[in-house]
Amino acid sequence: MSSELAEIRDSLRAFAAERDWEQFHSPKNLASALTVEAAELLEQFQWLTEEQSRTLADEVRARVAEGIADVLLYLVRVADHSMSI
Amino acid sequence: MSSELAEIRDSLRAFAAERDWEQFHSPKNLASALTVEAAELLEQFQWLTEEQSRTLADEVRARVAEGIADVLLYLVRVADHSMSI
Amino acid sequence: MSSELAEIRDSLRAFAAERDWEQFHSPKNLASALTVEAAELLEQFQWLTEEQSRTLADEVRARVAEGIADVLLYLVRVADHSMSI
Amino acid sequence: MSSELAEIRDSLRAFAAERDWEQFHSPKNLASALTVEAAELLEQFQWLTEEQSRTLADEVRARVAEGIADVLLYLVRVADHSMSI
């Protein structure tokens, strides 16, 4: 595992532990949250043409970047809880 | 960007270029594929209890690992095409 | 087709036509919107236990009802545009 | 509620009861299955252009019809279990 992903994993573990969220973070729930975040990312693109999606306005690009980050965070959590990464 | 993610990105670029897939890989289409893969991962868990999802059988765990990999690949592609990572 | 679903279909046709939305309402885009709405519905349940999801508070139940309606509307639109219902 | 949707609801109730599936059919699980089915429908369209999605080949149209039916069935189940329709 890359050291960057391991750092994200460790930060997310600490973040969840501080909030007593481990009880909610079953792989089942995390896979659900991952899908919801992926759909929110898709929502940014859905009424654009493919061509428009290739040349995003800065404001949309910022929301897309946030969406990508959210998906990555839940993906690391799912992997951490179901794969022992 | 971590060197491991950069390697994944470069491999995926080469893979898509060899197959002439760039024409299909608009951010819009990739975000759609990402959501579909996330939902396929979710499908592994949906009829399990939360407790069962915390202790997967080896066979399910293997499919979950594949699902996580598929989501990661499309996530890197979306980022590569919309964020200039 | 039931007369109620036909009425929904006709209302949605008129609604889209008035706003000049037909250009955006390809089956591809509508299937994307359908998935996004389904994920928003799922979001209402994702941190609840299964038991909690069987006994919703009124406020949550109201949001769930809205989510179900949104999914139905896009489902009718997808069917109208790809199946000639 | 339309009589057709009520018939679907009643058939699905009987189908689930015969298989002792009620234990799995919490609104949370059904909303997850709904999202997975919506994503499977989206998968039929994701590499098509919008224009191609407006003029489906018969084989694709048949799979789209199945996908629409699957989404409708889970939508009725979600509504039946969380709304008392």
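Every chain is named by a letter (A, B, C and D) in the order it is written, and numbering of its residues begins at 1.
The definition used in the following text is that a contact is a pair of C-beta atoms (placed from the backbone, for glycine too) under 8 Å apart; a residue touches a chain by one contact, two chains touch by 3 or more.
From a predicted model like this one, the values you see are computed outputs, not experimental measurements.
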Inset, instruction - Could you work out the angle of the rotation that brings the CA atoms of subunit B onto the matching CA atoms of subunit C, rounded to the nearest 5 degrees? - result: 180
Legend entry - Gap in Å, rounded to a whole number, between the CA centres of subunit D and subunit A: 26
Inset, instruction - State, to the nearest whole Å, the distance from the C-alpha centre of subunit A to the C-alpha centre of subunit C. - result: 24
Inset, instruction - Using mean C-alpha positions as chain centres, tell me how far subunit A is from subunit B in Å, no decimals. - result: 12
Legend entry - Multi-partner residues of subunit B (at least 2 other chains): 29, 32, 35, 38-39, 42, 45-46, 49-50
Legend entry - Chain-level touch network, classified as line, ring, star, complete or other: complete
Legend entry - In the complex, subunit D residues that touch subunit A: 32, 35, 39, 49-50
Inset, instruction - Spell out the residues on subunit D that touch subunit C in their complex, using ranges where they run on. - result: 2-5, 26-29, 31-32, 34-35, 38-39, 41-42, 44-46, 48-51, 53-54, 56, 61, 64-65, 68, 71-72, 75, 78-79, 81-83
Inset, instruction - Name, in rising order, each residue of subunit A that touches subunit C in their complex. - result: 24, 29, 32-33, 35-36, 38-40, 42-43, 45-47
